[in-house]
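Worksheet for the structure shown next.
Think of it as A, B and C in the order they're written, each chain with its own count starting at 1.
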Amino acid sequence: MSASPASIPAPFADPTIAIEMSEMNKWYGAFHVLRDIDLTVRRGERLVICGPSGSGKSTMIRCINRLEEHQRGRIVVDGVELTNDLKRIEEIRRDVGMVFQHFNLFPHLTILENLTLAPIWVRRMPRREAEENAMFYLERVRIPDQAGKYPGQLSGGQQQRVAIARSLCMNPKIMLFDEPTSALDPEMVKEVLETMVSLAEEGMTMLCVTHEMGFARQVADRVVFMDHGQIIEEAHPDEFFKNPRHDRTRLFLNQILN
Amino acid sequence: MKALSLPMPAEALPRRVRFTALLRLGKLLFGTPLNGLLTVLFGAMLVVTVPPMLRWLIIDAVLFDPDPDACREAVGACWSFVYAKSGQLLFGIYPLAERWRPAIVCLVILALLGWSVRPASWTARLLALWIATLAFIVWLMGGGFGLAEVPTASWGGLPVTLILTVVAIGIAFPVGILLALARRSTMPAVRIGAVVLIESVRGLPLLSILFVASIMMPLFLPEALLPDKFVRALVALTIFAAAYLAEVIRGGLQAISKGQYEAAAALGLPFWPMQYLIILPQAIRVVIPALANTVIVMIKNTSLVLVVGLFDLISSGKAALADPEWPSPAAETFLFIGAIFFALSFSFARFADFLERRGPVSH
Amino acid sequence: MLSDVKTRSILIQIVLVAAVAAFAVLLVHTTFANLRARGIPVGFDFLAMPSRIVISEAILTYKSRDPYYWAIAVGLANTIFLSTLVIVFSSILGLIVGIARLSSNPLASGTCRVWVELARNSPPIVLLIFLYSLWWKVLPPVGEALNPLPGVYASMRGFVVPDVSVNLSTAGLLTAIALLVLGMSSLLVLRNMISRLALAPAGLFLVVVALWVADIRFDVEWPTFTGSNFSGGNELTPELSTILIGLTIYTTGFIAEIVRGGILSVGRGQWDAGHSLGLSRGKILRLVVIPQMLRVILPPLNSQYINVVKNSTLAIAVGYPDFLAVMNTIISKSSHSIEGVFIILGVYLLLNLTLSSAANWYNRRISIVER
């Protein structure tokens, strides 16, 4: 309670661990959304989280940056435990980027302003530097020519790539993806996935909630399967797709692969 | 078929067009029995009312004759009175030689008001411009620093109406934003406080708030701190405007999707920067038409300050009518004052319509 | 510690409540100090004392010997009387003007549009003062009073209209009420057994029977002109007439817009859908269009009605003694300003609350009927 967040030595501080959830539980009123979640993510690891809708996968990753509050158990992000402390929440949010299903770009700002907003206001970066930084990431997602436009003038795939660039501008240590391709037209899925693959290849710690099993096969270090608020199974993608251990996993894979 | 392929005679075409237009009008007026009945009904009403009105307004009226006796003899309206007294009507008892000052003030306020409704001009610079303008207005009206001093008691007419409107709205706007945010707060005490304040102010007639302000303030405050009538009315108008603006802005806040809050939070923006940078700019854009409407309501409402003894347009009209040299043409004077209010409010309403039709900006 | 979300939230609330309380204490303290310094007594016991104020006209009977509380009641009755009349008149006119604005007849829609724009863009107080100044210019002296409708006279002294008085005995009234309550509740119990079509006539029949039992007679007294004066009938002063006409013109403009919006809000698709289901025009109107229109119209209509009550305070501008005008006189006469202010605030908030909860009740009811 009293110590400042930076000086908190997490009890099991291990510099190679990015996120640690232990016995994490969450309720919406009487509804038990997340049950005893235990999950450890190492730095540089790429996780794909899948499961039927309503299984709690989105809720789980939204707990990591406190868009949702958990009621029991611990979440330690980058050595800092999530509590009610505003300073810790803001510190974790600075270091954890998130990409949403519906992009959630700020429609009243240009693309460039979308990208420079947080670096200027949260990281206190000088405007010029923030703009150079933004242009660098816009080039990375291959749309530098759209910098002066407004989000409404871009296609869905372009918007989602801008959203990824917006998160990257904060130089995050961890990236969360909450069904980033579910709201896209099929022909735009590929360009977003390509961006995500290249990000993965650079060693970014990533947690992706997605139904794109091709992406999971290609880049995931581990696939986590959730159902009814529980982690049912986690395994390397080769193992996960070839030999699912659990019936429910098999059923789910059958449904989405056929 | 043959007739169609023939070239029309050059001067026959316009007549033909005129004829079909007439035909269409005739169909609209008498096409169905109901329309025929309506035409007869409204036509009869207009025939009975319009000619005598026109006769009074224009034909029998004295327009510019500076001699008061011309009005005494005329059957029609006495516009020469309004013409002769226009300075007093517009600027009240403001010293004659200094009337150019309130005139400039009116123009500046109207220009700034129109300018401020455009979302494109919403920058920090606009705020600075407003503050600078208000200071400029106060200096120009009140004097000092090289200008002759004029106490607020001698302010009157249109500038009083306009100053009360813009200053009340200018102060009420940020207060209204705070109240709207408070009403959506998760903290019960904050929320309840805002609800009680907003709903009780909205539940009261403005006149009763003006009365309370003018009766109670001398009792509430120690004598040394007691503001003059002008400021008291301004406080009442501001509280009133803030409650209404708060509800308008709350409507805009409700239109912002949860995703905007989440995206801003995920980037690490704390509460106030989030509101200032992301939520409010979008919320206010949504409610521009409603905001313009509130401005119109406030322009109309400031006319009530006459009841607590302030010298607005209506009271300066009444004062002008007291001149014993003239027959007192009250109807003409109030028609003139009504026309000023109508012009202000109607043009502002059309401007707001125009903004609304142009749709949300920057998409 | 301070950055903990929950602690901070509680702390903010404590600070807020404390600040409000401190402000209130300060206000009360200075107020009482000021009152004491001026030797003004505080308390509501002045209400029972004779007021000796003048109320120029009243619906209830009033003499200047009457106590303050009765003067207040008289003012309130004037406000309610005035507002009710304005609400009734402007609802009827607003409906007509609103529909006429949608007419394809340019003469009708144009005239109504002018009305609506004039009403919506002029301050009501200017409208009232203007109308009041017209009174002596347009209308003839009593001797040459206009007689636009049978039994209605207009002159410089105001309007004279037929007086309708209701005669009834207490016993008859009580029997009628008992009968109504009994009949209505049995209808409510039986409503599932009898057909819906029979329900409305049955209710109507009940009301007629109740009226007959109560032996209510409406006596209409026609005014007659006797050389220099009117005898019989109701005289409406120029002040009352002005504010009635002015506020009705003003409010009609707003109600017409609400009606127009309500009609436009039910799209053509609803008619098409109704026709495709084989419903008749009358059925579509009754079952589909009107319920949807009502739901759109009612909330803004209600806030217009509340606005009428608020705008009735403008009576002060032409000198009609409404509640606020009476309170103003009382405050300056008795110097019980604090108490007066509390009564003003309380009464308007109460009037408002009554109107809006009645509207909410009705709103809930029609939305249940729909389901």
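The working rule: a contact is a pair of C-beta atoms (placed from the backbone, for glycine too) under 8 Å apart; a residue touches a chain by one contact, two chains touch by 3 or more.
Given the structure is predicted, the values throughout are model-derived calculations rather than measurements.
Peer 1: If you count the contact pairs for each chain pair, which pair has the most?
Peer 2: Among the chain pairs, B-C has the highest number of C-beta contacts.
Peer 1: Could you name the chain whose CA centroid falls nearest to the centroid of all protein CA atoms?
Peer 2: B
Peer 1: Relative to subunit B, which chain's C-alpha centre is the most remote?
Peer 2: So the farthest one, by centre of C-alpha atoms, is A.
Peer 1: How many Å are there between the centre of subunit A and the centre of subunit C, using C-alpha atoms for each centre?
Peer 2: 58
Peer 1: What's the distance between the Cα centroids of subunit A and subunit B, rounded to whole Å?
Peer 2: 50
Peer 1: Using mean CA coordinates as chain centres, what's the gap between subunit B and subunit C in Å?
Peer 2: Here subunit B and subunit C have centroids separated by 26 Å.
Peer 1: Out of subunit B, which residues touch more than one other chain, so two or more?
Peer 2: As it turns out, subunit B has no residue touching two or more other chains.
Peer 1: Residues of subunit A that contact two or more other chains, please.
Peer 2: 86 - these are the residues of subunit A that touch more than one other chain.
Peer 1: Can you name the residues of subunit A that touch subunit C in the complex?
Peer 2: Result: residues 1-2, 83-89 of subunit A touch subunit C.
Peer 1: Note which residues of subunit C are touching subunit B in the complex, please.
Peer 2: Its residues touching subunit B are 9, 12-13, 16-17, 20, 27, 30-31, 34-35, 100, 103-108, 111, 117-118, 120-127, 129-130, 133-134, 137, 306, 309-314, 316-317, 324, 328, 331, 337-338, 340-341, 344-345, 348-349, 352-353.
Peer 1: Note which residues of subunit B are touching subunit C in the complex, please.
Peer 2: On the subunit B side, the touching residues are 25, 28-29, 31, 35, 38-39, 41-43, 45-46, 186-190, 193, 200, 203-208, 211-212, 215-216, 218-223, 296, 299-301, 303-304, 306-307, 314, 330-331, 333-335, 337-338, 341-342, 345-346, 349.
Peer 1: Hey, which residues of subunit B end up touching subunit A in the complex?
Peer 2: Answer in residue numbers: 257, 259-260, 262-270, 273, 277-278, 281-282, 285, 362-363.
Peer 1: What part of subunit C is in contact with subunit A in the complex they form?
Peer 2: Listed in rising order, the residues are 1, 3-8.
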